[in-house]
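Take a look at these structures.
Across the two complexes that follow, chain A remains constant while its partner is chain B and subsequently chain C.
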Partner chain A sequence: MSYLEELKVKIENMFSPEKCYFPKENLLSFLVSNSEVRGALSYLKDVEGFKHFVMLSCVDWLEEGKFELVYIVWHPEKKVNAMVKTKIDREKAEFQSLHDMWRQICTYEREIWEMFGVNFIGHPRLEPFILEDWKDMPPMRRDFDTLHYVNEHYEWREGREESYKPRDYIGEAFDEWRKK
Partner chain B sequence: MCTDNPGVWEYIANWARKHSIWVLAYGTGCGAIEMPPTMTSRYDAERFGLRGAATPRQADLLIISGYLATKTLKRVIRTYEQMYDPKYVLALGSCTINGGMYWDSYNTIKKLDLYIPVDVYVAGCMPRPEAIIEGIIALQKRIEEGRAEGAKKYRENIEWYKKNQREVFGDEMLPDYTWNFEGGI
Partner chain C sequence: MGWGIDLKGIVSPFTALKYLGKHPHTVRYPYEKKKTAKRYRGFHINDLEKCVGCGNCAKICMNETIDMVKVEGIEPKTGDSGLRPKVDYGRCCWCALCVDVCPTGSLKLSTDYVYVDEDPNSFLYIPGLERKEYEKNVGWTCETDLDSLLDLERVEMKIMPPDERVKTFAEAVYGYTVEEAKREAERCTGCGVCISACPDRMHIPDYIKAIRDGQFDESVRIIYDNNPLPEMCGKVCTRRCEFNCIMTHRAGKENAIAIRWLKRFACEQFESYEEVLNLQPQPLNGKKVAIVGGGPSGLTVAYYLRLKGYETVVFEEMPKAGGMTMAGIPKYRFPIPSLDKQLNHIKSVGVEIRENTKVVKGEPKSNNEVSFEKLKEEFDAVFLGIGLTQPMKLGVEGEDLEGSIQALPLLKAVNFGEKINVGQKAVVIGGGNVAMDCVRVLRRFGVDVTLSYRRREVDMPADNEEIHEAKEEGVVFRTQTIPVEIIGDENGKVKAIKIQRAEMVPDPKGGRPRPVPIEGAYEVWECDNVIAAIGQKADYSFLPDDIVEKLDLQWGKIPVNERGMTKVEGIFAGGDAVNWTADAISAIADGLKAVKGIDEYLSGK
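On to the complex of A and B.
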């Protein structure tokens, strides 16, 4: 029994993960409820020794009406990753800020606040990061219509619309290839 | 030197300008990675009189190397306004021409020549160093013929350029002091 399989049993006993599986050989992924995220991460960090925070990412599940926050941590001695996921409501997108656990979470949360509009309660510095003077809805949300925005704000160069469209050009070949 | 009054001195000046183009080392997009091979020994752009300049006030040529986010465009325009006349712009890649693969991106501009005057466009995604050198030769030809007058065009149509820039930047417009000081640009 490898280290990650043992860890999986421990996690299943300690928390109530919904999906606990191995997407890759050295990666354990599990989905927990909102209140268990801090506990799971601090267990991984302080007890198991996942000392390095890799990244925080956000996935927009538009059909479910949820945002999924993904925390990835790395164990420098065992050379394995763990992925803690949680789903928050899309309408009232709020989550607790975890910047006190790893300081680099600050930057990730600031970016997710800007690009997805998730409000992180207790974050010390939620202010514009990459976008300047942005007035529309957060652009990384899936219901943000980029083409509509472009038509409103930018001018097209003439002739572009008559140029060949790769989708039409390779369409049949692509469909055949996909059937295989 | 006044470009309104072409004569033999202007011809000599343009001949000299053509052979000594200082490029501002400012990479904007993915094309910035095509600059080192262009400049160094493999393609050696220095045989055309091209060299790197450290600051905008020392440079003649601004190479826009790839896509421009609105945030980068603001910096590019400020840089362009700080450069001294005569100044030229060489735009690389399809992104500067019509948006390229970022055609439906929410923060990339689609037409560069709405915001600053462009002398030569080099098509490609990205153009290789050979194509960049081809563009530089085309620019040299324009300079020699006295047609590379982007600075004059910008000065004369400043209201049109500023109107286009304001449409993109909105409230966070550039400050006036880079172009509207006493004596103009």
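On to the complex of A and C.
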């Protein structure tokens, strides 16, 4: 039994993870409830030795009405990753800040706050990061209409007047071409 | 402080010498540029030859970065819209979704990402045509199927197992369920490249989209816009659209969107079409059009002209309209109730179909005959959708023996439920779809069938699926064999066939290889029947001689102009007797052309 497989058994005994599986050879992924996130990460960091925090990411499950937060940590000696996921409500998008565990989480949380609008409670510095004067919906939310935004905010460059839809073009132009 | 020699102080500067031949960690001069990451997403590059102009890249782009434009030197052709993408770098955000949906893999991003110019309009360019220097440094690509955002696997169609199939004439293909059809329809990106291959220019992406959205009635309405026999097409169409589907570039022909099955699915959702379509034909305008032959082209003309307000009468020689789709196509592919459903709809809009009525020249001899001259006189226009009804002969000795028959009359007899007279062993000659139908029908009568074809299997004009299924049903394929003589017994019945094996000789002019008989390589196969399925030709004997002359037949086909009119005024033509592709969908396309032509001709436009 490899280290990750052993770890999987331990995690299953200690927490109540859903979908505990190996997406890749050196990666263990599991989904836990909101209250178990800190415990799971703390166990991985302090007991197992996943010392390095790789990244925090967010997935918008629009149809389910959930955001999924994904914490990835790295074990420098065993050379394996672990992925701790949790789902939070999309309507009331907030979660506890974990910046005290690894300092770099600060930046990730700030970015997710800006891009998805997830409020991290206890974060020392939730303020605009990349976007300037942004008043719209957070742009990485899936219901944000990029095309609409782009057309409203950017001009059309000269020289772009010619444009065909292949489907219509085939309907019309093809018969012309067939006659030749 | 002592006066001793500070040995360490003297020596230690020299320890630096040990780094003398080592690679320094500092910046090197002359300055070396660091290499960009291998999968960097920089400027677009496009292989214009490989690109088919499907426009998926332009469609997926969330920033409206890409326009599809005409490019000089690239003409639209079957399977290629002739358009190519043009990129506006004022808007591109290098997300590379355009690359990930490219079905051919022609669009890539290079690792180059620096471009400086005062003129903002120079940030607009057609990859592949301009800035070819980027092509040296390929960055982000979508070469493996895993990277592709396209759903490359077709939803499997369930089909009756071969050992069951050979026992019955029941329909072999089961059709999609609602869930399967929606899943298959979801794969379509709606680019429309398939339309370029359809002779009838059916609105393929639109009716697939309607199926995806669960609006099956809307789908049928879209289909009926230019095809009055969609269920037939949904079952037996030669489906050139699928062979030109953009999915084939990456996933092969077997994984094209199942356009044919989806059309079939939409049509099968309804018991009849009257309510779904709810058509109101225009009131009769007093003009009458006679249609000779009730095949796909004739029915198309009759249906759409009636909708436009013309009185249309179809004269069909056989007991049932449908042409070759009734007489030629076996019922395990296209069942009679399916045809009836469509014929009933055509009749429901007011088309008159006179079955068992033969058009002849001169005076009619019985009630079942009507003279062509009279038609010409009584009707304002005549459409000839006569098809190819005369089977070609092999031209070998012994062809008149009892037991030597033609495929077409055999299929017709089977389809109309007549008794057929075949023995235990048969040899079918030919490699087209008629030959495949013939061998598969014979297998259903328990006949031991051998198929003889003069060229190789890859050269067969028949549909690959048909070839595969015929093999599954136990047909023995003997390719590169040429019939020489049919041998009869003392009673004048077929006893055996003598064939000569052939080898393929490449054509020096670059055409397809020709079969050349090998000297002395004869074989004799015992059999009870020899069935020729080597092609059909049109029968013009019902037309008065002066009209046949005026029609100016070319290689047995009737030439028509762009309105579908022959060289005789008021006589239009279409279908297998006119076009060289000779399939149902081309016949329907011809029919639609003639509908427009007749409408313009009779309304004096």
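The rule is short, and it goes like this: the second predicted complex is superposed on the first by the 159 of 180 C-alpha atoms of A that agree within 3 Å, B and C clash if a C-alpha of one lies under 4 Å from a C-alpha of the other, contacts with A are read in each partner's own complex, and residues count from 1 in each chain.
The definition used in the following text is that a contact is a pair of C-beta atoms (placed from the backbone, for glycine too) under 8 Å apart; a residue touches a chain by one contact, two chains touch by 3 or more.
In this text, all values refer to a predicted model and were calculated from it rather than measured experimentally.
Undergrad: Go through the superposed model and pick first if A:21 touches only chain B, second if only chain C, both, or neither.
TA: neither
Undergrad: Taking the superposition on A as described, I'd like to know which of chain B and chain C A:61 touches: first, second, both or neither.
TA: neither
Undergrad: Look at A:131 in the shared chain and tell me whether it touches chain B only, chain C only, both, or neither; answer first, second, both or neither.
TA: first
Undergrad: What is the contact status of A:169 with respect to chain B (first) and chain C (second): first, second, both, or neither?
TA: second
Undergrad: Looking only at chain A, is it chain B or chain C that touches more of its residues?
TA: Result: the larger residue contact count on chain A belongs to C.
Undergrad: Quick one: classify A:139 as touching chain B (first), chain C (second), both or neither.
TA: A:139 contacts chain B only, not chain C.
Undergrad: Would you sort A:150 into first (chain B), second (chain C), both or neither based on which partner it touches?
TA: Both partners, chain B and chain C.
Undergrad: Where on chain A do chain B and chain C both make contact?
TA: After superposing on chain A, chain A residues 146-147, 150, 154, 157, 159-160 contact both chain B and chain C.
Undergrad: Where on chain A is chain C touching in the complex?
TA: Chain A residues touching chain C: 146-147, 150-151, 154, 157-160, 162-171, 173-175, 177, 179.
Undergrad: Over in the complex, which chain C residues touch chain A? Could you list them?
TA: 53-55, 58, 62-64, 67-70, 75-77, 81-83, 86, 88, 90-91, 120-121, 123-124, 190-193, 195-196, 201, 205, 562
Undergrad: Along chain B, where are the residues that touch chain A in the complex?
TA: Per the stated touch rule, the residues are 70-71, 74, 97-99, 103-107, 109-111, 114, 167-172.
Undergrad: Where on chain A does chain B make contact in their complex?
TA: 130-133, 135-136, 139, 144, 146-147, 149-150, 153-157, 159-160
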